[in-house]
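Okay, structure first, notes after.
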Amino acid sequence: MSLFSFLGTLEIGLIYGLVAIGVYLTFRILDFPDLTVDGSFTLGAAVTATLIVMGVNVFLATLAGTIAAACAGLVTAWLNLRFDILHLLASILTMTALYTINLRVMGKPNVALIMEPTILTPFEGMFGLPDMYMRVIFVAVCAIAGGLLVAWFLRTQYGLAMRAVGSNKRMAQANGIVVKQKVYAGLALSNGLVGLAGALFAQTNGFADSTMGIGTIVVGLAAVIIGQSLFASRSMYVIVLSCIVGSVLYRLAVSMALNADFLGFSASDLNLITAVLVALALIFPKLRNEWKAKQAARKEA
Amino acid sequence: MISCKELHVTFNRGLPTEKLALRGIDLTIPQSEFVTVIGSNGAGKSTLLNTIAGDINSTKGQILFGDRDVTKLPATGRTADIARVFQDPLAGTCGDLTVEENMALAYGRGQRGRLSSALNSNMRKVFREQLSRLNLGLENRLESEMGLLSGGQRQSVSLLMSALQPSTILLLDEHTAALDPKTAALIMDITSQIIAEKQLTVMMVTHSMRQALDHGSRTIMLHEGKIIFDLAGEQRAGYEVKDLLNLFAQAKSDGEELDDDKLLLGA
Amino acid sequence: MKLHSILKSTLLAAAVISTGLQANPVYVATTAIVEHPALDAVRDGVKSVLEESGYTGDELKFTYESAQGQPAIAAQIARKMVGDEPDVIVAIATPSAQAAVSVSRNIPVVFSAVTDPIGAKLVPTLTQPGGNVTGLSDMVNVEQHLALIKEFVPNVKTIGVPYNPGEANSVSSVAALKVAAEKMGIKIIESAAPKSSDVMIATKQLVGKVDAIYCPIDNTIISAVESVIKVGIDAQIPVFAGDTDTVARGAVAAVGYNYFDLGRQTGDIVVRILKGEKAGDIDVKLAQGTDLFVNPKMAARMGVEIPPAVLTRATKVIK
C-alpha cells in the first residue's frame, strides 16, 4: 500500500467515523434501528454541494447540509412517535423519500465540486504541509472533535437521560424524562453527524452523487461492531472513539482487499475479501478471550 | 397530602370489551401516612396506582396533590411529586447503565435536561452512603452495570433511588412479589426503615394480607374498582388475616366466595 | 517534513521489495464505478489498443479496480491509484472519474463513458481542456437513434423511455432525446425505474401509450433489460436500444458505437499521452461509431419487420 493510498484510507475512514458515531447513537444508545442514514448522508452532501456551487460560504454550506440531515432524522422520529409507525419502517420511508428529495435538491443526479472552493481550501498549504497530510489532519480533527463532543454530551444529565430512554423507557418516564423529546434529539444528532460526514465526503472527493448513500448503514454498523469488539469499555469516550477506530479499520480492510490482486484476487472479489477481513476483526477478540480463559484454567490445574 | 375524588377509570370505552376498572374512588392520604392496598386480581389496585402516577387517564373525578389539581397533567408532569418502585425488578432500573448512573437519574428526578455533568464526586459520596445502608456491598460497585446485579439487589437500589429526592407520594406496586421469600423480607425491612426515617407518604400495593397488616398505619381493600373497607388506628391494630377475610365477606354485595389463593398469595 | 519522508521511504521500500526490481513497464491503472458488460468492454478496448501499440507482456502493467457501485470505494480506489503513481489513470463512468480527478494533481487522468464531462466538472472545455485531464464522452447521437426507429415504425408518434432518474448520464441523454424528438414530431414518454427490480413495472406502465420503446444507456435499465424485452414481446411493442450490445440480449436494433469501440477510442488517447503528449492538450472526443446491429428473431416476436435497407446496412445480424 502506498503512503498516499494509506493516508487516503485514513481520510475516508475518519469521515465515515462520524457515520459510525451516528449509527451508534441510534442503534445502541436509543435502541432505534434507523436506516434514514442512507438518505441523510446523501442529503448532507447534496445540500452542501448545491450551496457551494451557488456561491455560499463553505462553512455555512456545510452547516446547512448538517442541519438538513438532522431534519431528516426528525422526520423519521416524527413518523414513529406521532403515528406509531414501526421505527424500522419509518426510517425506510424517510430514506426512500430522501432519494427523490436529494435529486430535487441537486436538480440533477450529480453535482461536481472539482474546481470549487471547499472546506479544505482555507487550510491548503498551511504550515507547508503537503495536501495529503493536511486532508487527513483536517478530517481527523473533525471526527475526533465530533466524537469528543458526543461522548461529553452522553455524560451530561441530558445525555444520560437519552441513554436511559434507550435502555428502559418506563424507568426513564418514571424519573421524569420526556421520552419523545430524547428520541427526537437523538435522531437529529445522529443524522446530523451522518449529514456532516456526507458534506465532508462531497468536499474531499469533488462530487455529490445521488447514489453515494447506498450502503452507508451497513458500513456504519460494521464500524460500530468492529470498534466495540476490539475495545470493551464502559467509558463513553472510549466507546465513541472506538467507533472511529472501527471505521478506519473497515476502510483499511477495503484497502487491503484492493491491494490483494497479487494473491490472484480480481476486482469483483472485493466485497468478499472485505467481509472476510471484517469477520476476522470480529472473531479475533473472541478467540483471544477463549485462549486467555484456557491459559487461566491450565494455570489453576 | 394527596386525594382522589370520585375517581373513575374505564378501559376501551364504547367498545364491546369495555371495562370499568375504577368506580368512584374517594381517598385522602395525609402527609407521612403509609397506606397498604389489598384486593384480589383485577380489583383495580394497579390501576389506582397508575392513575395517580398519570400513566392512565381518569374518565371522571379528580386527583389533587395538596390543593393542586393534577388530573389533566401527564405522567411526565407529575414525576417531581411521585416516586415509584415497580413489581418487576428489571423495570425500575436501566440494565445497560451503571449503578451510579441509575442513581444519578433518580437524583435528578423532575429537574432534567441540563447539559452539566450527570455525575460528580458529591453525588457519588451520597450514593455510596445510601448504598452502604443496604449491607449488600453495593457501595463498592458504583461502576458495575446494573444488569449484572441480582433481582433483589436491583430492587434494593430501586428503592433507594425512589427516596433520593423528596416526593409527595411514594408508590410501591407489589415491589417484593417477584423476589424469593428471604430477599422479599430483606427488601421489606429496608422499605420500612427508609419510610420511617424520611417520613414518606406511601401507598403500597400488596398481595399479602399479612404484609398489609404488618406495615403502615392504614389498610384499604379494593374490590371491583371500589374501596370496600378502610382500616386505621386501633381497629386495625387488633386485626388478623382471618378478620380481614370476614370483613371482605361482609362487604361483598353479591355473596361471591373470596378466592383465597388469589388474595393470600405470599401471606 | 520529517515524518513525511520517513513514512514515504518506509512504504516505498516495501513497495520496491514487493514488486521486485524490473525494467520500468508502462503502467496504466483503470477503474470503473461498477462491473457490468458495457463498462468491462471499455476496459478491454483500452487494453487491446495498448497491446496493438506495442505495449505487451512485461512492458505493460495494467490494473483494474471496480468500486462495486459505492462512491466511497471509488474514492479509496482513486487514492490507491494516485499513490501507486501510474503513467495514466483511466476512469470509467462519472463518479469514478470525479473521484480520480479530485485527488490526482499531476498524473494524467483519461475518463471514459462520461456523458457530460463539463457538467461533471472534469474539464472546463472540450477543446484544449488544459490541466491533466481529458477523455471520451459517450453522449449518444440521439437523432441517429430516432431515425432508426422511424425506419422500423414509419408512423411512430410516441416513444416510451424507461430510465433511472438517479443516473446522471441517463438524465442528460433523455433530455437530449426529448429535444431531438420534438423536432421530428415525436413525443417521448418517460417511465422511472430507480432500481433494477423496478424496470419491469416501469416498462409495463408504457404499454398502450407508446408505439416503440427505447432503452437509453442506463446502468439500471441495461442490467435488467430482459424485463423490458419481455414486456415488448408480450405487448407487441418493438424495443430499441441506445447501445448495440443490448441487441444480442433481445433489442430489435440499435445504432452506435459499442463499448469496446469506446474503449478503443479511449485507448487511442491513452497511447497519445504515453507517447509524450500532455493530457491538457488533447481535445475531449465524442464517441464515434457506425455499428448497426439487428435482431430479426426478436423483430418477428415483437411484430415488426426489418426494412431491407436496414438489413443491408447492418454490421451484425444476431442469429
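Letters A, B and C mark the chains in the order given here, with residues in each chain numbered from 1 onward.
Note that in this section contacts are C-beta pairs under 8 Å (C-beta built on N, C-alpha and C of every residue); 3 or more make two chains touch, one makes a residue touch a chain.
These figures come from a predicted structure and were not determined experimentally.
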item: Chain-chain pair with the highest tally of contacting C-beta pairs; value: A-C
item: Chain whose averaged C-alpha position falls nearest the assembly-wide average; value: A
item: Whole-Å gap between the CA centroids of chain A and chain C; value: 32
item: Between chain A and chain B, centroid-to-centroid distance (C-alpha), Å; value: 43
item: Chain centre separation in whole Å, for chain C relative to chain B (CA means); value: 71
item: Chain B-touching residues of chain A, taken from the complex the two chains share; value: 153, 155-161, 163-164, 166-168, 170-178, 234
item: Footprint of chain C on chain A - complex, ascending; value: 1-9, 11-12, 16, 99, 103, 108-110, 112-116, 128-131, 133, 201, 204-207, 209-212, 214-215, 219, 251, 254-255, 258-259, 261-262, 266-268, 270-271
item: Chain A partner contacts - residues on chain B that touch it in the complex; value: 53, 75-76, 79-80, 82, 84, 86, 90-98, 101, 104-106, 108-119, 143, 145
item: Residue numbers on chain C that touch chain A, as the complex places them; value: 1, 4, 7-8, 11-12, 15, 18, 35, 63-66, 68-73, 75-80, 82-85, 94-95, 98-99, 101-103, 105, 119-122, 124, 165-168, 171, 194
